[in-house]
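Should a chain be cited, it is by its letter among A, B and C, assigned in written order, with residues numbered from 1 in that chain.
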Amino acid sequence: MKESAILQCDDVTVEFDGFKAVQGMNLKLEKGELRFLIGPNGAGKTTMLDVICGKVKPSAGRVTFDGKVDITRKKEHQIAELGIGRKFQAPSIFPSMTVAENLEISMRQKRTVFATLFAKMAAEERERIEHQLTMIGLQDKTAWRAGGLSHGEKQWLEIGMMLLQEPEILLLDEPVAGMTDKETEKTGELLHQIARKRSIVVVEHDMEFVRNFASKVTVMHEGRLLKEGSMDEVQRDDRVAEVYLGKRRDADVSRSTA
Amino acid sequence: MEVYLLQLFNGLSISSILLLVALGLAITFGLMKVINMAHGELIMIGAYSTYLTQNLFNDYLPESMFDWYFVLAVPASFVIAFIFGLILEMSLIRFLYGRPLDSLLATWGVGLVLQQLARSIFGAPNVAVTSPSWLDGGMKIMDGTLLPYKRLFIIALVIACLVSMYFYIYRSHEGRRMRAVMQNRDMAACLGVSTRRVDAMTFAIGSGIAGVAGCALTLLGPIGPSLGTYYIVDAFMVVVLGGVGKLVGTVLGATGIGMFNTLFEYWTNASLGKVLVFVCIVAFLQWKPMGLVAMRTRSLD
Amino acid sequence: MRLQKLTPQRLWILLGYTAAAAALFSAPLFVSDFRLNLLAKFLAFAIVALGLDLIWGYTGILSLGHGIFFGLGAYAMAMYLKLEASGGKPPDFMGWSGLKELPLFWQPFQHFGFAVVMGIAIPALLALVLGYFTFRNRIRGVYFTILTQALVIITTTLLVGQQAFTGGTNGVTGYSSLLGFSLGSPDTKRALYLITVVVLISIFVLCRFVIGSRFGKVLRAIRDGENRVRFIGYNPATYQMVVFTLSAAIAGLAGMLFVLHVGIISPSMLGIVPSIEMVLWVAIGGRGTLIGAALGAILMNWAKSEFSTAYPEGWLFFMGALFVVVVVFMPKGVAGLVGQLKFRRKRREPEHERVRNPAV
């Protein structure tokens, strides 16, 4: 095992009542890598993210973090503490709290009851939050209840929350869904910027976005690994073309390959 | 030997009563996610309906007909509780979908009003309902072991309710619509199912079954305005233990609680027995937090 | 302590609190002894309401079992008072049940300090145990609520059933003195009232501290989306356990004060109905605001003592209807209503938000 692999999934299988959503999937993520995970609907992409962040326990296989910890035995909050952050498909923020409060509790810190009970906002922490607010463009809305933000703003807030968490690996499920072209571009640039220090896995349907920003792409199909490589390699691959164009003729295809 | 047999029968009998009380909840709580604390009062309404039917027979029909009042009382309690349920759903419950804890509090308030209403109409003291003579006595299976007909009747009634519910939910058009709405409301609405109608019907049926349970309870002793409160928490425990969404779970939950209750009470005493049952339920939930039979779906986190 | 800017609004609030505290402290000067005793009882209830608001209003956990925690505190104090009245001999009800010796677990309750500690520790421990076995397994929402209600049923059954040890349905009553001070004397009553005021204010400050801290923000985050909190790296179970235990301890403390004011505790005072009534106080006053919860408890109990004796039937109708009205039309209680009038914010939108996207 190479030291540089920050995340390694071996033969991961996930079953839901007999239905295998993921079957013997392998995935290896290097440090500082920006990886795109694509595939038709039902390919098991989101389930794969669920496995990595601990939401779903695989029925077989191992997921190794940083070459030593098997995280399939850990609970969600332990995995998050290890340094794996997750952004969900539907923006999930805390609607009754203000934008600033959302960021404050997400920020990397000691998370025990005792620590939070007596935590005081340090100047350095305040600065980090303010910096993050500017970055996600919500500096004028700090005191807003997060529930009142627009869809796109919620997406940004969630990204901001995850960044303040300072995870080693960021798992993003369709981060640009519901964003305008300009916002999409901004997100892509941001991802590249982040990938200098951290590793990122992005599940995405927007092929335009993938083409513009992907370095390496993993294609999943029916719970299995279909193809891995650069975007060009993947696009030339016959099996990938078949999966996207041949068998599936539903509306989803036109969207996915647009 | 006889002792064990008798205890087994007792356990079965308690289970059947629990099941009858919990069946309605399995629908309103299990399928609709509404915590109807007024369920106990719907049971009470069923019991008083039986009481009223008995009085009507007493007052207006020849004495030879009296024994048949119970045959009419069962559907009568169902219908009256059904109507109450329908009114409750249309006036209150429909504002509370998706807010289970709020529905709990609001329906508790409704229960309080209904109890007080019963007290104002029928008086606070318990009233007795004379069981029909054909349910007196029991089946003698061996010396000293008598299985009372009343208890056997309740077991039969539960089975009848279960079978008809099964056919309604899984084998009828109405039932299919009901399952569709409960599983994916928006989708069902898009496909042209009137979710409002289905909600109202489902809740009313659950209430109607509570009425039947109340009717059955009149066989076991006098009834009063607070009749339902004795059963409501036990009934909820049955649904929690059994798991939500499937009838099988409710049956198993009721059987489990009924049997263990009898067993523990036989070993210790009534109050300690209840404590032990509660501890067992909590312990069991450690192993299966979603109850005995849980529907596992991806969306359910 | 953080230094906050003293905006005019803050100043008014601060003035309001000071005025309220001053009014409470000076009440013995103008209120009759009888009314003062009633008020003391209401203040004890207000303390429970504060604890209940911590878990329900801020964390989103509905407990219908607070009557038990309240009652356990009350029983602990009652045991001490009973033993002081009987001079350490087995109390009267034990004799009626044929118990000659004082049971072992009663004996340490001869000491006031022990009784006070137990009055807080026992409810806290019970809550911790129940919380540990439920929150850890993500048994929550209505399931948890139903379990707390079952806890009420079995505890009351146990209290009634074990008559020789608990006094059964009659409960524990017939006290004479507390640490040598006669409970009947107006001076003692006044002192007890003042102690209750001090405890109420301390608990209020404690709760303010808890919800103002980052811990409190995590609690609110748990209310909004328990699963999302997990993926940030907090273990919600620990937080829920801690706050539930704290809330139970507060209820136990209130129970002890209640017994001192009322002079009796019996299973009917901690059963299903009183437990859910406590929730009603918080609902009416406004869940999620401490002052609302406390005022709700005081007002509801004042109304109850005014009307329930004169119109017992009407009162129950009224209470039932109130439940429905408050839950359906004013989910934020009176405090929320005041807030609405002030800001005229659109209420529906965030409410929907929470239902549709329960985070994850």
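Quick notes on this structure:
FYI, contacts are C-beta pairs under 8 Å (C-beta built on N, C-alpha and C of every residue); 3 or more make two chains touch, one makes a residue touch a chain.
No experiment lies behind these values; they were computed from the predicted model shown.
Look at the CA centroids: the one farthest from the centroid of chain B belongs to A.
Compare each chain's C-alpha centroid with the centroid of every protein C-alpha atom shown, and the nearest one belongs to C. Centre-to-centre spacing of chain B and chain C amounts to 32 Å, using the average Cα coordinate of each chain. Chain C has its Cα centroid 43 Å from the Cα centroid of chain A.
Remark: chain A and chain B have CA centroids separated by 47 Å (rounded to whole angstrom). With touch defined as above, residues shared between interfaces to two or more other chains in chain B number as follows: 301. With touch defined as above, residues shared between interfaces to two or more other chains in chain C number as follows: 227, 360. Across the assembly, chain A contributes residues 55 that each touch 2 or more other chains. Against chain C, the residues of chain B that register as touching in their complex are 29, 33, 35, 92, 95-96, 98-102, 104-106, 108-113, 115-116, 119-120, 229, 233, 236-237, 240, 269-272, 274-275, 278, 281-283, 285-286, 289, 301.
Contacts from chain C toward chain A in the complex involve residues 2, 210, 213-215, 217-218, 220-221, 223-225, 227-228, 230-236, 238-239, 242, 349-350, 353-354, 357, 359-360. Of all residues in chain A, only 53, 55, 75-77, 80-81, 85-86, 88, 90-97, 101-102, 104-106, 111-113, 116-120, 145, 147-148, 161, 165 touch chain C in the complex they form. Those residues of chain C that touch chain B in the shared complex are 62, 130, 133-134, 137-139, 141-143, 145-147, 149-151, 153-154, 157-158, 160-162, 227, 272, 276, 279-280, 283, 313, 316-317, 319-324, 327-328, 331, 355, 360.
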